[in-house]
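Same chain, two partners: subunit A is paired with subunit B first, then with subunit C.
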Partner chain A sequence: MPMKEAVSCISTYSADTFGVCSALFELGGMIVIHDPSGCNSTYTTHDEPRWYDTDSLIFISGLTETDAVLGNEEKLADDVLTAAADFSPAFIVLLCTPVPLMMGTDFAAIGRLIEAQAGIPVFAAPTNSMDTYDAGASWAFELLAKYMVKTPAEALRTGFCCTWQPEFASCGSVVSQGQEKKTIGVNVIGLTPLDFAVNGSDLSIREFLEGCGCTVISSWAMGSTLAEIEQAAAADVNLVVSYSGLAAAKELQRRFGTPYVVGVPLGRSLQGGIAMDIRMAAAAKQNRYTCAKRVGSAEEDIVIIGESVYAASLAAALSHEYGCGVRVFCPLKTADGILTGRDRVVASEGELKALLAGVRTVIADPLYQPLCPAGTRFIPLGHEAFSGRLYQESIPNLIDHFDTFARKVTERKDTYGAE
Partner chain B sequence: MLKQINGREDTSGACVLIGRAAFPEPFYDGLQYSPPARGTWNIVHTAMLVPESHQIYICALGCLRGVVLTAAEMGAMNRFSSIAIEDHELYDGTMEDTIVQAVGEIIDNLPAMPSMFFLYPSCVHHFMGCDMEALCGRLRQIYSQARFVLCWMDPIRRQSGLTAELRTRRQLYSLLQRQEIDRQSVNIVGSNLPIQADCELAGLIENNGLTLRQLPCCRTYGEYEQMGASFLNIGQEPLAKICLDDMEKRLGQKSLYLSNSFDCDEIRRNLWAAADVLTVARPDYTEAAAACEAAFAETRASVGAMPVAIDYAAVSRPFSLAKALLRHGFNVRRIYVDVCCAEDQDDFAWIQNHYPALELYATRHAKMRRMDRHTAEPVLAIGQKAAYFTGTCHFVDMAEGGGLRDFAGLRRLLQWMVQAREQEKEAKAYISIKGWGCPSCQ
Partner chain C sequence: MIKIAVYGKGGIGKSTTVSNMSAALADQGLKVMQIGCDPKADSTVSLHGRGTIPTVLDLIRKKKHDILLEEMTAVGYHGVVCVEAGGPLPGMGCAGRGIIAALEMLGAKGAYDVYRPDVVFYDVLGDVVCGGFSMPMRSGYADKVFIVTSGENMALHAAANIAVAVENFKNRGYAQLGGLILNRRNVRQEDEKVQELAQDIHTSVVGVLNRSATVTDAEETGKTVIEAFPDSAMAGEYRRLANAVYEAAQKG
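This part shows the complex of A and B:
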C-alpha cells in the first residue's frame, strides 16, 4: 500500500493556510499566519498571482522558538493590534500552523482579546498547514456565508446598492414587496486563482450568467468587494464552481433557503445544462449537481486529474459534446454528488501512479506527467494549486475556450491509433 | 526628500534616519510582510549545488510548497522528493517510523541511487523531540549504499540556534573526507555564486599555479569530493564562517576569511592577507586601485546627483558599499535592511557620523506593504528590493553579491550602475525570478 506521505517526484498541493488567504485576498481584511517564516513568501511567490499589483494585507507573525516555548502569545496579540491600528482592516483572520498547533495556542481567546481592543471582527481559522488548500478556502467562504452576509432585512437597512449593477435593487430577495423580479440573482462561489488562475475565467463566468438572463450578485471571491458579498442573500441561486464553495452554499441555504447548482460552465452543452439547472433550482428550490451529469461511453480512455468540481465539469463537457469517455481521479477533497461512480478519489502519489497504468490519455497539470507510463498521451492543463506560477501563463480560460482545448483532446484521440 | 509626503503615509517604525538608528537592528520585528523581490537564494537552490545530490523535505504542506516549487522552477524535480507530514503524526508516536518508511518508498521509486541525500526535517520535529541523528543512523543501516546528510528547515530557530541557511552551508561540505592535502589547490567555500573569473583573488590563486575549486563550479560528485584535498578554504561572506570552522576541524584545512568589502584599502589588505597565506609575493595593486578611482569618477559623471538606494540582499555589506559611494560623491539616500551585518558596523558608524540623514528602510516591516513606491525623482537602485520599493526602472539587478569581489568586482558594479542609469527596465519581469544567478533559474 503506497504511503500518503511519500512524494517522490511530483509537486504537492497548496496548503489550507494559503486557501484561506486566496479566498479572502480581495476583501479588505488582514490575515496573519502565526508562523516563524517562509509561509508569506511561499504564498505570495507561488500561489498568489495578485500579490505584486493588488493591495492586500497578508502577514506572518514571525514566531520564534523562545516565544513558542514560553507561550508568549502577547506578542502576537500586540503585533496584530498595532497593525490593525495602522491599517484599519475590515476583519482579521488568524491562521494556525504546525508549531502553534503543537503548543495548543488558543487562537479563539487571542482573537476575542484583539477584537475587544480593536473593535474589528477577528476570526480564528482551524488551519494546520498540513491540509490542502481546498479545506482552507472552504472554511473562508463558509465564514463569509455565516458572518458576513447580511440578512435581507439588514441589507435593506444598510441601503447598499451596487453601482455596477443597476438592476440589483430589483433582482433578488432584497426586493421590496410588490416589485417584480426581472432576472435570477446568482452568487458565484468558489473562485480563487488557485483553481481558476487569473486568466479571465472569473469574468467569463459572470458574462455567461448574464448572457443567460441572470444577474450576478457577488463573486466569491474574485471581482467582488466585501460590501457586495454582504448582499449575497439577495441571490436566488448560488453557483458553486469548486469544492471550496460548497460549504458556503450549504450555509447560505441553511440561512436563507437559497438553492445551489454545482458546476463550471465549460462548453455549450454544459453551459446550457447549468443555465437550465439554475432556472430549475430557483423555481423548485432544489440543488442541482450539473457537473455530475456525464454521458456514458463504452470506451473510457481519458482520465482527468484535478479539483473535483472543475474536473467533473470538464469530463461532463467532453462527454456531452465529443462523446468522450472520461473519468476523474481526484487527489483533493470532494463531496457526494460531484463525482460519478467511475471516478476515483486518490490518496497518494503511489496509488495514482498505479491507477494510471494502462490509461491512454491523461489531462492534468504538467507536474503530474512523471507519473504517467511511457506512451501515455499527456495533455497539460495547468492548475495553480499544484504547480503554482510555473505554468500560469498557459492555463487556458476554458469557459471561453473550451472548444479549442477539446479539439486538442479529441483530434489527437481520433488519430491515436496512427500515432 | 526622495519620498513624497502625501499626508496619508506614516513611515514611523519602518523608516528611520541612520543618525537615529540602532545597530544592528534598527527596526522592531513585528508582523512581517514579504515583498515580491525573489532573487535571493533559498536552501533548495543552495543544496542543489552539490552534484548528483537529492533532497528530501519532511514537513507540512505549507512549508513544502515553497521548496517543492523552487525545485520545479529549477527543472530539478528529479532531484527532489518530499514527505508530507500529517497532524496525527505529531502526537501518536509514528513520526520516525513514517519517515523511515517514506524515505524507503522514495528510494524505491528513484531510477538510480543518488550520490547523497540531504534530509530536511522541520520546526515541528524539534518540538516533538525527534532524534533525527538516530533516524539517520537507521537509514544508513537499511540503505548502506546511500549517504544521508541531516539538514533542517527550521525557521522557528532562526534566533536561537543555527539558521537553516547556516546549517545548509555547513552541511554542503560535510561529506568531504579528510584526505592527503594538496598544496596546489584552494577552495572558495560558503558562497552560492562563483567568484568572477577576472577578480584579483582568482588571479592571485591561478596566476601562481594553484587550482581554484568552488562548489558552484563542480559538475560531478567526483569534483565535489576533490574539494576535500585543498589546503586552504577561503570564505567571503558571513554565512561562510561556519563552513571554514567546520572544515578546519574535520579536514585539517586552513581557513581564511576575506570580508567582501567595497573599500579599496580593505580590498588591498584582504588580497595581501591571501598572498601571505598562499606564500606568494604580494602583488602591487596600485594600478587596480587607480582603475577603480577612475571608474568611480566615470560612474559619478554618468549618474550625477541621481538618488541611489541599496538593499541588503544585493550585497552582504550594504553599508560598506554605501560608504564607498558616498565618499566618491554619489547621492546615496536609502538603504533597505532589516538587520545589519556585524562586519558593517564601522561603515554604519561612519555614515551615521557623516550622513545622518540617510534613510534606513525595513523590507519586511508590515508597513512596507503600503509604503509609497513612487519617488519624486528617479532613483538608481542597487538590488531587487530597492528596485521594488522605489518603483524605479533604473536598477542594478543583482543578489547574493553577484559573484563580485575585489577591485574588479567594484569596477563591474560601477559599470552596472552606468548601465542601469542609461537603460530602463521593468522591475517585475526581473525580480520575480527566484535564485538570481542560479544557472537553472535564468
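This part shows the complex of A and C:
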C-alpha cells in the first residue's frame, strides 16, 4: 500500500459491506456476508445501532480455510437456501469480502443458482470490504430503485411509445390541470444510521416535509417498509440526504422522470430553501442542489470534515443564518454539484493534515481531532460511519437542534474537547 | 460477437493455434480480438511482432485505475487487437486473481464496446486450476470452450479435467464445451485416443492439425504460419480449423 493511503492517526470509514447492510437493514431481505466472521462481524457490534432491538436477516457465511482452499462454493449456496426456506426473505443479497474476492468466487453465478431454486430474487453486491460504506449504501439504494420500485399500474395500462421515455412520469401533483394541489409526494433517499445515527433525524426530516405541505411516500431506508419503497414511483420529487442516495435518485429519474433535490434540512433558512426547491423541482421537473447554495464570506475560518451532502448542508445553514465562512473537506465520495469551489475532496490523512494547518475552527468527528494543529478550535460532531458506537449517544439531531449546535460554533471559545 | 475460450495442457500449442486462427479469421475480414490469459504474456507475440507489449497487470501495477484502453492493446496482423493479461511477479501473488483483475479492467474500459470485435479468443494458461482461470468461461465472457489436446496421456488427462470443470459449471450459465482440437504429436493410436475422450465427455473433435516443421519455421520468423507461409499446407489446416471453430462456436 502506498504511504499516501496509510492511516496512522485517525480511524477509517465503515466498509462498503456495512453500507449495504445498513441501507437494507429494515427491508426484510436476507443479507449474507461471505466471510469467516472476522472483521466483518463488527458491523453488528460497532456499526449498527439497530442490531440489538430490531430483527434483521443479516448473516455471516462462516467461510472456513478448507472451504476456501477446496472451493466448496456449494456450501454457501446450500446454507443460503436452507436459511431462505426458514425465513422466507423478500430478497437475498450476497456480499463479497476480501477472501472470496481473492478466490474469485462468482457471486453472480451462485446467485442465479440460488434464485432458480428458492424463487427469491438474489443480488450479488460488488463489495470487497476495502471500499467505504458510501459505495455499498449507494449500490444498495440504486438496487432498490432499479429492481424494487414498481412501475405504477397506470403506466402499464397506457404503455410506452418510445424506448427513451421514462417508464412512467409522476404527474407533478404540484401543478395539475392548472390547479395547484396542496401536497407534493416526496421520497427521502440516503438515510442510514451510519450518516444520521439513531437520534430521530429520520423522523425530523419526515416532520419537516409534512410541515411544508409534502407527503412522504417512502424513506430510504429508515422508517419505511419495502412495500412503501415499492410505491416510490408515485412521488413528485426525491429528497437526497446523502451521497449514498444520489445514484438511486438518478435511477428513479431515468425510470420515472422524477426530479431530485439534494440537501439535509438543517436550520430555518436552508429548510426554507429546500421547501422552495422541492416545489420548483416538482413544477419544472428539474433537479436542485440546495446544499450547494452557500453565502460567501471573506473570512472563511471554519472547516467541516465529513460526508459531502450533510457537511455541505451544514455549511450552507451556518453561512445563511450566522454569516459564517465555511469550507467542506470531504474524505469520502462525492458528486458534481454538491460541493462548492473552495471545498476539497481529500484522499489521504497526510493531505488532510496539511490542509488543516492554519484553519481556526474544525467541525468533525472527534476521531479527527489528532490531525488538528494545537490551538485549533475543535467542535465535535460524531459520525457513526467513522467512529462507530464510540460517540453514538452524543450525535445530535441537527434537523431539530441546529440552533443549539450553531451557537456552539459561533461562540468564541478557545478549544472544544471531544465529547 | 462470438467469444471463444481455448484451454489445454501447458505446451500443447494453444497460443500458436489461437494466433493462427485469429490471423485466418482476420484474413476473411472479421474483426478479431485475442486476449492472452497467461502470466508469461506471450500469447499474441506472433501477431503483433513487437516482442513484448505492456500487459494489463503491468499497467495496473504502474498506474492503478488511470489506464487508457489503447495502452492495454496492440493492433497486430490484419487489425487483430492483441491483449496480454499478464500476471504477478514469478513465484509471488496470485495469477488466478490476476486474470480476474485484468479481464475486469478490460471490461471496465469498454474494450468490447469500443473495438466491437466479431470474434474474441481467450487463450488461457493450462488447466482450470482455480477460480481465476475459470473467469474466461464465466457468464459474460466466453460462449464456448475449446480444448487443445494431443494423444499424449498427460494432454488427454488435462483435457478431461477441463471438461469436468465445464460440466461442473453448467448450472451457473457458464460457457459450453464447443469441442476438442487435436494437435497431433504422432503418438500411437492418437486419433483413436482423442476420439475416445471426445465420446467420454460428450463432445466432438472439431479440427485436426498435423505436426509440421512449417509451424516452427514460422515461429523463427516471429510470425504466424498464416502470415509467414500463407500458401503452405499448414496454413490451409489452420484456415479450416478456424472456420470449423467459428462455426461450432455459433451453434446453440
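We take it that the second predicted complex is superposed on the first by the 378 of 419 C-alpha atoms of A that agree within 3 Å, B and C clash if a C-alpha of one lies under 4 Å from a C-alpha of the other, contacts with A are read in each partner's own complex, and residues count from 1 in each chain.
The rule is simple: contacts are C-beta pairs under 8 Å (C-beta built on N, C-alpha and C of every residue); 3 or more make two chains touch, one makes a residue touch a chain.
Owing to the predicted nature of the structure, the values given are computational and were not obtained by experimental measurement.
Which holds for A:357: it touches subunit B only (first), subunit C only (second), both, or neither?
A:357 sits against neither subunit B nor subunit C.
One more residue to check, A:17. First (subunit B), second (subunit C), both or neither?
first
In the superposed model, which partner reaches more residues of subunit A, subunit B or subunit C?
Touched residues of subunit A are more numerous for B.
Report for A:102: first if it touches subunit B alone, second if subunit C alone, otherwise both or neither.
Touch partners of A:102: subunit B and subunit C.
Applying the touch criterion given at the start, work out whether A:110 contacts subunit B, subunit C, both or neither, answering first, second, both or neither.
second
Report, in rising order, the residues of subunit A that make contact with subunit B in one complex and with subunit C in the other.
Overlap of subunit B and subunit C footprints on subunit A: residues 101-103.
Given the complex with subunit A, which residues does subunit C contribute to the contact?
These residues of subunit C touch subunit A: 94, 96-97, 100, 130-132, 134-135, 138-139, 169, 171-174.
Show me the residue ranges of subunit A that touch subunit B in the complex, using the header's touch definition.
Going by the criterion above, the answer is residues 2-18, 32, 35-47, 51-52, 55, 57, 59-66, 68, 78-80, 82-83, 86-87, 97-99, 101-103, 128-132, 350, 367, 370, 387-390.
Of all residues in subunit A, which touch subunit C in the complex?
Going by the criterion above, the answer is residues 71, 101-106, 108-110, 112-113, 116.
Which stretch or stretches of subunit B touch subunit A in the complex?
Within the complex, subunit B contacts subunit A at residues 10, 29-34, 36, 38, 59-66, 68-69, 72-73, 77-78, 80-87, 90, 98, 101-102, 105-106, 109-110, 122-124, 126-128, 153-161, 366-367, 369-370, 428, 432, 434.
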